[in-house]
Amino acid sequence: MQLAINIAVLAAIYALIACGYVLIYRVSRVLNLAHGELMMLSAYLLLTTASLFSKNPLIALTAAVFLSLCVGVLVYLFLMRRMTGEMVLAAVLTTVALGVLLRGLVVLIWSAQQQNPAQALGWANYSIPVFGAGRISAAGAALIAVTTLIYAGLFLFLRFSRYGIRMRAAGQNPLLAAQRGISLHVIYALAWGLSTFTGAMAGILISLDSGLDSTMVLIGLKAFPAALVGGLDSLVGALLGALIIAAAEVLMIYYVDALLSDVVPFLVLILMLIVRPWGLFGTREELDRV
Amino acid sequence: MSALLRIEKLEVVYARAITAIQGITLEAGKGEIVAVLGTNGAGKSTTLRAVSGFLGLDDARVTEGSILFKGDNLANRPPYLITKLGIVLVPERDKVFPNLSVVENLAASVPARGADRKRLEEMAFTFFPKLSELRGRTAGLLSGGERQMLALASAIVCGPELLLVDELSLGLAPVVVEDLAQRLVEIRGKLGITILLVEQNAAVALSIADRGYVLENGRVVLDGDAARLKNHPDIQEFYLGGAGERRSYRDVKQYRRSRRWYG
Amino acid sequence: MSSREPRASGYFRSSYDQGLRLIETRTQWTSLIAFLLALGAFPFLATSFQLDLACQVFLAVIGSIALMLLTGYAGQVSLGHAGLIAAGAFTAGILFKEFGAKFWITIPAAAAMGALIGLIFGLPSLRLRGLYLAVSTLALHFIVIYLGGEYETKRGFSTGIVIDAPRIGDLVLRDRKIWYFVLLAFAAVTLLISLNLLRSRTGRAWAAIRSHETIAEALGIGVAGHKLLAFVISSSMTAVAGALFSYYRGFVSVEAFSLFLSIQYVAMIIIGGMGSLLGAILGAIFVTLLPYVIEYAVGLLPNARSYAGMLAAFNYSAFGIVMILFLVFEPQGLVGIWRRVQNYFLLWPFKQKPLGGGRR
Amino acid sequence: MLKRNLIATAVLAGLTGATAAQDAYNVGLTGALTGPAAGTYAPAVDGLRIYIDKVNAAGGVNGKKINLILLDDSAQPARAAANATRLVTDDKVVLLLNASLSSTYAPVVGESQKANVPLIFASSVCPKDVYPPANALQFCTTAFAANYDSRAVLDFVKATAKAPVKLGLAAMAIPISRGEIDYAEELAKTLGMTPVSKQIIPPPTPDYTPFATLIKEADANWTYSWAPWVTQVRTLEGLRRLGWTGDYIAWSHLEAENELARLKDGKFYVVGANALFQDDLPIHKEIAAAAKAANSQYPVNQMTEGWIAGMVIEAALKAAGWPANAEKVTASLSNLKVDLKGLRGGELQWTKDNHFRTRQYYRVYRWDEAKGAIVRVRDWAAFDVK
């Protein structure tokens, strides 16, 4: 039972992070390698808002998430917009550079100390028994709930809302989308905003569960194989990919060697790239476009 | 005649070196269907791209002349602003979003300023009743003719004043083309919009057009009323298959045409 | 209108042989000799710290030229460069520790190991392109680092493997001046090999693959073979750089080969200018020296010591910003700037832009 | 080509800035002041800086100022190597300090040996070379030390545990931590305990619960972790979240004091060689006042390590006299006795072949819910170092 819960929590973490990669990739074919850093930035923003609104944790939380969304939009408007039309690779490298910049800035602003946003908010991380047989932390449960909600929300948004449909349209054929009067800049900015929003939820929840320091960037990177295994342009794929990677990792810890768990996501990734490079649910044409 | 669109002495250069269009002048009045004819490489598509703002993607630029739409010069403006003005292009290929359903394809269109989306969508379904049967179908699974219908319908939802249609007949059966052509006439009648039709198939184009232009090697070589163009001996010979194989007028040693440069 | 035919002016090659020549004019000869003299004199004028910087630059130059061959010329993106450097360093370290091997064995062995790993890194490239390829090299980086870490722990070298200075007869390679010339020689040889490769059939095949794979295949170029060759050659050079690094620093440890190192190498070729060996060199110099320049600049600030704790953060931020600025505003890199400056002086006092650019 | 060289030379020439103060003791430090590992080292280094500033303000040592040069290596070995080179050759330091991850040791030790400059590990883990018989040039002031720590911990566990001990062990997947936990596993067996589960946890782990689950399911009643603070405390949190109620013992890193108060866990013991600020000694007040005056951004209770290093440096330079060189400093370090004023269990003493300390003292603390404060569970227990 505990095994299943552990897999579920880890899968929720990876899925929540992976959908940030997918959202941007799907719409603009850009792989955002600064996702981990943006995630970390959000968690640090929470630290600041928590000290500003120390009486109202919920306001602090909302403010941090909202700020993160703004950061995403601003990143697009001031940086990535200039890279549209350039080589995809140049855009990806720009995100790498952005990541390096953010890593420096975070240390300059918040120092490299280990931080505890949960403490700053005055929250304790309770442990909740599940079905009598296992236990889950409050933050872990929140992670699973938030991931479910966000995926459901994204699904409904992309399926039924007008902007969601336009996002899908722009991802399939940006040229035609522009011809149909869709302003690509608005769509891309929206995708970046949504992506940092989901990343912020992930970063904040992880930091509430187990503290915050710059190693969070690496967690962001570890979730990347999940997105790729599922197929970079598919949300369902990201969910399933996260589950596969999380299961592989936890089972490896349980039954083989904990140290291997660190490289297992990448082994699965390579296996996938050899067998089916476009991922489980990805579109096959993708390969020739990049 | 007050021209809705007036292209004047337009010159387009690709990659700073190749001049694809060398001084075209053409006009389309409100409510007109204007056909632009020509063989491959004559500069038809480039003209359409220049109007709809997509030259930049192919490293091309308007270097001279102007494209006036209701008096505004559109040369080298970005595409999405042009669509906002009410100029909508139905491209030659990749004309629908293959992974979206029919309804979603229509929903993806952004109506021009001040247009009533509901009414436009209803209109689209009245012009193409078949689409309402196919509502939930994924666009990628539609037949060629259905796709063209969907493309036209999506363009209508954008609320155009000027509809640019690139190769309506490409790859479609004659019966289907005939039907679609009639729809265009109907659309023009009901919505009162202007349609610029770029075609290789001169017979179809001239059957519904009010006026026509013939382009060769980046220049207008003939223009005039559709009916008169249809009966013009050169058109008969080179575009309507009157004299067997199509050839360019340059291949003919003696040509008896009245050339009129720049209208 | 004048009726005279326009006459060609400027500087042309009139035979294929001339096109293949490395050095063409007398001016080039003179500046090359002056440059070599300056390089030779440098160690006798510089402080030890400056020598260390120069040695770091040479090591970086070898690595960045190797990456430039792969990415800038053959068009195959790699984010696993640090993994390859690590592979070279560990080959040298392990052979030294386990078998007491001398450097004339370990360095060729590192080259061979590099070639082998290059072959493995290259295999995905037969199926993958662009982004996906980059990701697969990233994954391989993690695997190499994992294996290195396991070796260190299992053998109990918890603070890294210490390597003795290499020895030629009685001469112990410890003095930095000697190292300077050794590394300079390696860098020069790497450069010459690359120059020769690029003007041969291989170089042209890479250029064809880079611009369009399918067309290259259609032209009868063995795409798969040439891609793998690019990986093998580049990786082999990189691994040698790694082995030299381990000797120069006297140690090997996994922490020295982080993902950030890969990013730095990618930054070198971007900042230097894609598709130019001069760019690879300029980029290596720039990226290697940037942190020291920043450190020096911060040192000039009043109350400098209180910023000491933030220096790396400054470095990170500045590095990120410089990379972004180059990507956004100067995709041609330092070489682009260099050429523009050159053209400006070539044409001065005129302002016209020449069509081709002043030089190859 | 020529131009490029000129520019390069100009840049290099510009870098020769480091004005070696002739009229001061040059002491150089390379440390992880920034980067992922900085949390453990930066506060200590700041403590050292404040101490040296205080000494200088009071007139210096033997009438000369101490010129402390701090260089950041972000825990990257290559940077540490370059820093050490620069300190030794350009700044001509008489004493090198290292405050960084163990991966930086090899290059820094290399430079120190090459130039014959003594090297002190301050706040970074003591390498085996400082234990008797010690390497002539390496010294260590850091509280924690491989093997001795585990001895003290298991000694305490044996003395405290009422039931037979089933021991869970947790290490971070870095060589130094793994080595120590392996040692503890063997040692536990000789002390009659049963090691039931040993977890080696990779550093960027999003969720510690799977590892905690394994320890819990192995039915451990005591768990010992000797790793960076993150791993120690997150493993504990993971265990508690699973409802594990056993005793947990870990090393008392810099963060311990704040964290004990945050966690408020009565069965979480920390073992350390430094007195916590909770003890409120006169020296603690002194540190707090100095840190406040210097406007330090780091918590005061994380500066003890730096303070101790400062006291040692001051004493060593004093004994070395003026003008000092590396040789004299090495000699004075090899025969040194420093009164740590209660920061540790006793004075720090270095001899010719013991550069660690002749006696290592350990204290055990935990949080007491009833008192709402940290309490001492076991006072200084001494272990002779041989």
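What to note about this one:
Chains here go by letter, A, B, C and D, matching the order in which they are written, and residues are numbered from 1 within each.
Simple rule for what comes next: contacts are C-beta pairs under 8 Å (C-beta built on N, C-alpha and C of every residue); 3 or more make two chains touch, one makes a residue touch a chain.
Remember, it's a predicted structure, so these values are computed and weren't measured experimentally.
Of all chains present, the one whose mean CA position sits nearest the global mean of protein CA atoms is A. Compared with subunit A, the chain whose C-alpha mean position is the greatest distance off is B.
With centres set at the average Cα position, the gap from subunit B to subunit D is 76 Å. Look at where the CA atoms of subunit C average out and do the same for subunit D: the two points lie 38 Å apart.
Once the centre of each chain is set as its mean CA position, subunit A and subunit C turn out to be 33 Å apart.
In subunit C, 310, 312-313 are the positions where the chain touches two or more neighbouring chains simultaneously.
For subunit A, residues touching at least two other chains, in rising order: 107, 259, 262.
Contact of a single residue of subunit D with at least two other chains is seen at positions 34-35, 38, 42, 173, 297.
Here the chains touching each other pair up as A-B, A-C, A-D, C-D. For subunit C in complex with subunit D, the touching residues are 28, 31-32, 34-35, 38-39, 42, 46-50, 52-54, 56, 149, 152-153, 156-162, 174, 245, 249-251, 253-256, 258, 282, 285, 289, 292-293, 296, 299-300, 305, 308-313. Interface of subunit D with subunit C (complex): residues 1-2, 4-6, 8-9, 11-18, 33-35, 38, 42, 45-46, 49, 70-72, 74-78, 81-82, 85-86, 89-90, 101-107, 109-110, 114, 127, 173-176, 178-179, 297. Of all residues in subunit A, only 162, 165-166, 168-169, 172-173, 175-184, 283 touch subunit B in the complex they form.
Residues 2-3, 5-6, 9-10, 13-14, 107, 111-114, 116, 119, 125, 127, 129, 135-137, 140, 206, 209-211, 213-215, 218-219, 222, 249-250, 253-254, 258-259, 261-262 of subunit A touch subunit D in their complex.
Across the complex, subunit D meets subunit A through its residues 34-36, 38-39, 42-43, 173, 199-204, 206-211, 213-214, 217, 229-230, 233-234, 237, 240-243, 255, 262, 297-298.
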